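So, here's a batch of structures to check.
Look at the two complexes coming up: subunit A is in both, with subunit B in one and subunit C in the other.
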Partner chain A sequence: MKDHKTLKTRELFAMMTIFVGMKLADTTPSLLSSKASNAFWMIPIISFIVIIPSFLLLIFLLKKYKDKNLIQLLEAILGTYLGKALGFTIFLSAFLSLSLDSRNYVEQIKLLYFPESPTTILYFVFIGVAFIGAKKGLEVIGYSSWIGLPLIKFSMLLMAFLIFDRIILLRIFPIFGDGLDVVLTQGIKKASIFSELFLFTIAYTAFKDTNTFRKGSYLGSFVVIFEITFFFLLYTLVFDYNSVGKVAFPFHDITQYINFGDYFTNVETFFMVFWLLAAYMRFIIFLYLIAWIFAAVFNIKEFEPLILPFAFFTIIIGMIPDNTLLNDLFYRDRLLNYMTPLFISFPIILWIVAFFKGDLKKT
Partner chain B sequence: MFKFLKKVQQTDSKSEPEAVHTKLDKNAQHIKQLFSYGLNKDFTFRELTAKYSQEKIEIYYYSSIVDANKVYDAIVRPLLESEGKQIRDVIVAESVKEITDFEQATEHINSGKAIIFEDGNNTAYSIDVAKFEYRGIGKAENESTIRGPQEAFTESLNVNVSLIRKRMHDKQLVTEGKQVGARSKSEVNIVYVKDLVNEEILKSVRERLDNIEADNVRNLELLEQFIEERPYSLVPTVLFTERPGNATSYLEDGHIIILMNNSAGCLIVPVTFWSFFHSPEDRYLRFLFGNFSRLVRMLAFYLTTMISATYIAITNFHSAMLPPDLLLAITASRERVPFPLIFEILIMEIAFELIREAGIRIPNPLGPTIGIVGALILGQAAVQANIISPIIVIITAVSGLTSFAVTDVSINYSVRITRFIFIFSAGFLGIFSLMGAFLAWFMYVASIKSFGVPFFAPLSPSYRSPHDTLFRKAIRNEIWRPGQIKPKDIRKKANSK
Partner chain C sequence: MRLKTIILIIMLIPLFLVGCYDKKELEQQAYVVAIGVDKTDEKGLYKFTFQIANPEVGSAIVGGGSQEEPKETVSIKGSDILTATNTANSFVSREITLDHTKVLIASEELARSGDFIRIMQSTARTTQIRRGVQILVSKEDASEFLQNINPKMETRPHKYYQLILDRAKETGIIPEAEIHRFFQITEGDADLFLAIYATNKKAKEKDDGYEDEYVAGQLPKEGGNNSQFMGSAVFKEGKMIGTLDGQETRLAHVFDPTLDMDDLLSTYPDPIKEEFRIGADYSQKSSPEINIEYNKNKPTKINVRVPFQIEIIAIPSLVDYSQNKDNKELLKKTIEESLEKKSRELIRKTQEEYKAEPFYWSLYIRKYFKTIEEYEEADWNKNIYPNAEININFDLERLEFGKMLNDSNLTEVRD
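Right after this comes the complex of A and B.
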């Protein structure tokens, strides 16, 4: 019995919340808080407001041009060459972000748990698992995300619940931290923290029907923005104005404050389990989508063999930055800034071109 | 020199089978040659002159697999005593089949029928007088339950079908016959409910049975390996059960059952992870009790695969996580042990596996020895000799004990192999590599399909179904059949609207 396209809204929702929602537990909060101090929790809201129109526009276009994925849409609107060029640019920025992000995660794991292990080994294990997972295909990734989602979210909620007694609400002030201008500019510059939402559109046609994709992506993106803001606010309220900018890994630091009663006082490894699960899932999805985008740009039908070389190149590129500080505060910061205009503008450009071509008038 | 390159000569079986002659002598000669009459001790024939036609008649059969009384009552006596126009009117057996060639004749004799040749008639007749010996219906011993019927399948196909029919009075319940094996043809029965079963799955089952290339498939345990998709996979994709009650409950949901002679059980396809996880007793117990039992089993599932690995990961790599008192206790108990932790665990786990394997193979009278040796060596002596620390005994005992709660024999092996994978990965980089191995394992299992049905359905991908996964609903609230197998009629309650 062959059952095509078993993926539904819930699987997309799970993949999105794991993939993008994971940002609340990596170094993104510390990257932002180092700029905007305790007001950094507003940045995702601003970023989201800035980038969501483009995302919705892209979904709108996909709906208009039925049964096309991201790259096919680009080609349909901009023509083969221009479309492929833009597709390739998206691929490049996403791939760079994959490499730098993965290095970032490996460095987190190394710093927190394996300070004496070589980065290379950890990196190979990490990407190796991501490769094995990605090789299983989108359906299995979707199933696993959905089954893993409750565990991951439960651990997050448990953490939020246990840290509640350390919260002081007044730490929200000064409300704009280092100034409204900083918050706004950072919010706009870092809009690309949601750029990963766009990558899912490559899988537009892989779901049961495109309607489920749209539902899943709306649901996913709104839940993501909600939980990211919630946890950023939680970090602010726990760490306060000055120190929040200096905390390197807010999520892991919070888990160090948590006790299960008086007996189990060091439970960070417990949360680490679910964090690792989510981190692996995130890079499985990332790797898979990137291989797919690349294959779509270059008209490669069987793209799953591409996952292995891409996994390898991820490690090679990820190893370029000399240390985690340079990687995170320089390369990743810049990359996020550069990606923002690309992801905000390309759906708008597409829409304008489509509009003048007259494609939008067709029902 | 290149003999092996030459095609093996096809045997005569492919060519046109020889037809039954009109002359009795020729037929007799041929069939005697086919069955090595004289050399073959239990191949017997009886010669007589029929009263109704005054023609010579010969009856051929294997004396070891037919009922001698029946041969006499249903064939020999009527032929000698009764009048009639044709042979069909004379013989009183319940079924008489006409046979025109020797291939059929051979087949029928092999399956316990008597073949009658009549002089001047180019049709032979086959009469079912088979009487194969089999064990009586016993108690289900490998899938024990406290409540629920205790009958188990036995090694006879007909008895097994009757056990199912006894539980399911449905005119749509079909037992479709098929033969597998080239040399020794064995009867396989595909049992399903005609207006529930998914045609595609049924077709694929038929195809897989047809595509078996083997001289002989003796029983279901072997058949399972012939029809499964991935012979090298870690997890089973066909469920074997010895309980007719369990089999019937699957039939009601639209699954397909495969039965065969010589196997005290049946195969069920398609199945999911949950089929292996569930026990028939979950349904015989009330809602809360059954679900509690499932919760305990899930815990056992987790413990048996993970406890040893987690222990290694935490004590070796993340000892900060342990409360100081516990950490001190563990350290103190390991003080005099010379081996690394992972080595200790492996010694004990392997010892446990050895005891287990030996326990299955050991002849019954020697059984108690295993207990004594196991308890002494594993428990007492190893600790006193400082080979392993006492805490390891506890860990291994828990991991071994919980593995017995994973009832299905096949999935039990999967779980035990998985445990070793996890132990090694935990020894590599602690929780980091353990989680990696777990996720890789999990995704591997999620990618398995049994006859096209994803292994974790209906949890994900979800289908309209009773959602009988980790927990089950109250039976009166189960409206749907499992949608992942796409039954023709998904609604379980015909009477309600």
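Right after this comes the complex of A and C.
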């Protein structure tokens, strides 16, 4: 493992906002809105409230145990075997969600911009780029995220600005959409949309000092929840309650809808460039973290050669579902539901065990 | 070692070719600017008309002046728009691309049949047709309408549609009729959707109407293009049920806070010399205030207050309204009353004839419900609106008289 440790708060912040914030522009909003109609913008807030205590608890434990990353922490608290088993479960769920997510992105690119190209070829090119990026190492990923961040966020804000005169505030009513119960249950079930925040803890020790990691992750997660909610609300206000559940890619639908005045029409390709940049960054980070977690579980020192086989397996698993709809509405929906209890509970279990072992009193 | 690297690079170069799967030369594409849809005798089969722009005409690059037509209009039968583009390729030489479509035209016959919504569904599924495409209903067959569009000044068809629709929308005589709005309103199932109404055919001219009391086809005009865009086609649940004339469409703009209209020149009766009318520029600085008082078991009360401003542009009767205080008050009252009277007529028409409103007022009742289920159960367009007590109040906030203090004094001129 390279140990330069030049990464600072801002790189982590950039990585987090791109990695998790990208969810506002993929199929996550349509997955949620098909369940809760116009109230779906509240789901991320509820999910965040549900999952953030576990995340903070994990950060707290990492702070207590000092200089350990996620897997080392698991092993230190639960013992080698149990720790490795739990680490492997986390790896599996993350890897599955990487595969399904990447398939989703590829389908979006195909459907919207490259209708004639075969999915397999697009998939190989997409993951190929992610692989090359991931191979460059954490420093390069961090810096590129930081450089790309303003461009990506600017294009998104521009989109929000251009659509602003089409929104109608009153569409927020009826306030609870399909019912408060639906919003609450979905909010709790889908808490795992923020599970990716946990994956960053594998890189806990890779930053200049652990303090920068904590600052970056607090800042990153709060910005992410803010922007996700903002854009989900925007989709509700643009599409209204009956249509928002039917639109598969609300972000792209909006970019197709807006114009720069009368002269520059059909400008979606402009937004597509930045979206694609963000999508690449997301999968570069995803691939890298997953290879790292796997290596940590199996005590592999040099984990960068692992990225290639993982990239390959991602494609193989991602190709299994027949079509996007099945992938998104069935597999991904289920996976998110299964992942939620895992990510909510494991930091709590860790804390309880650590508490009874008496580790928490040491410092 | 170097040789190996070079060979490897050469072997990787073909990989870049994967980007060519979707390669399409501009030259190989035919850009459709207008799509027409008509009914045929068979169910499930429609006649599609594509108006294809010729990008060579009217561009500065072609120096010598091309002899080609600016557009080509072709019709073909098919069951949905996209498959019809393929069939049309048996006689159109290029790949038909719908990305630049500006208007979607349905014949009145199709719109009234209720099959219209089936066609619309397929437009939402494809990425080629944008949400910003305008929906237009033509009185005659859409194919006939498109064949006969022959603007004299705008040879390039895309510019023609863009300019005429934008300008007519600014004046409020035709509504904003984007596909996006069609879906929101139709799927929302609470309000009426207004589409643009147009024709190329002259109907019986209506000579007694004032400036905006026409629907397309009725305008008594001389010269100019035959195509008229005026008034709106009213859609209820995806099916056309009637038409509104230009004036009613303007009023719908006034009452609908989600629409805006920039330019409304119109005339009002002269209160003193009744044979004349007064020309005025109506403008609205803020949205109308719509207050809905929802009552579960008795009629709901809807109070609408429209604050507006008037700039007088013509007083053909030459009566002094600007300096004489009594006259001014009288004029103010007449304008308000005239607007209120017209509004009451429109409201009565929507409540009794259509049993739903085209003003998007369902937005204002929503806050009384917590869930969609409750909201849909209360049923705005079947239950609440047709029985509501509606009170319209026009409030003239400012009356201005242009840059003249007073008109010429007729008796002095003619002594």
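Here, the second predicted complex is superposed on the first by the 360 of 363 C-alpha atoms of A that agree within 3 Å, B and C clash if a C-alpha of one lies under 4 Å from a C-alpha of the other, contacts with A are read in each partner's own complex, and residues count from 1 in each chain.
Just so we're on the same page, contacts are C-beta pairs under 8 Å (C-beta built on N, C-alpha and C of every residue); 3 or more make two chains touch, one makes a residue touch a chain.
Just so it is clear, the structure is predicted and the values come from calculations on it, not from any experiment.
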Problem - First, second, both or neither for A:49, with subunit B first and subunit C second - result: neither
Practice task
Please indicate which partner A:151 is in contact with in the superposed arrangement: first for subunit B, second for subunit C, both, or neither.
Solution key: neither
Handout entry: Partner chain(s) touched by A:300 [first = subunit B, second = subunit C, both, neither]
Key = neither
Handout entry: Which of subunit B and subunit C A:280 touches, first, second, both or neither
Key = first
Exercise for the section: For A:243, decide between first (touching subunit B), second (touching subunit C), both and neither. Expected result: second
Exercise for the section: In the overlay, answer first, second, both or neither for which of subunit B and subunit C A:257 touches. Expected result: second
Exercise for the section: Examine A:266 and indicate which partner it touches, taking first as subunit B and second as subunit C; both and neither are also allowed. Expected result: both
Exercise for the section: Could you say whether A:117 touches subunit B, subunit C, both of them, or neither, answering first, second, both or neither? Expected result: both
Exercise for the section: Applying the touch criterion given at the start, work out whether A:316 contacts subunit B, subunit C, both or neither, answering first, second, both or neither. Expected result: neither
Completion exercise
Contacts of subunit A common to subunit B and subunit C in the A-superposed view 113-114, 117, 121, 125, 265-266
Practice task
Flag every residue of subunit A that touches subunit B in the complex, lowest number first.
Solution key: 1-3, 6-8, 10-11, 109, 113-114, 117, 121-122, 125-126, 128-129, 132-133, 136-137, 139-144, 146-147, 263-270, 272-273, 276-277, 280-281, 284
Exercise for the section: Write out the stretch or stretches of subunit B touching subunit A in their complex. Expected result: 198, 200-201, 204, 270, 314, 317-318, 320-323, 428-433, 435-440, 442-444, 446-447, 451-454, 456, 459-462, 485-486
Problem - Residue ranges of subunit C touching subunit A (in the complex, touch as defined) - result: 18, 21-22, 99-100, 124, 127, 130-132, 162, 166, 180, 183-184, 187-189, 258, 363-364, 366-367, 369-375
Problem - subunit A residues touching subunit C - in the complex, by the definition given at the top - result: 37-38, 111-118, 121, 125, 166, 168, 170-171, 173-180, 239-243, 246, 252-253, 256-257, 259, 262, 265-266
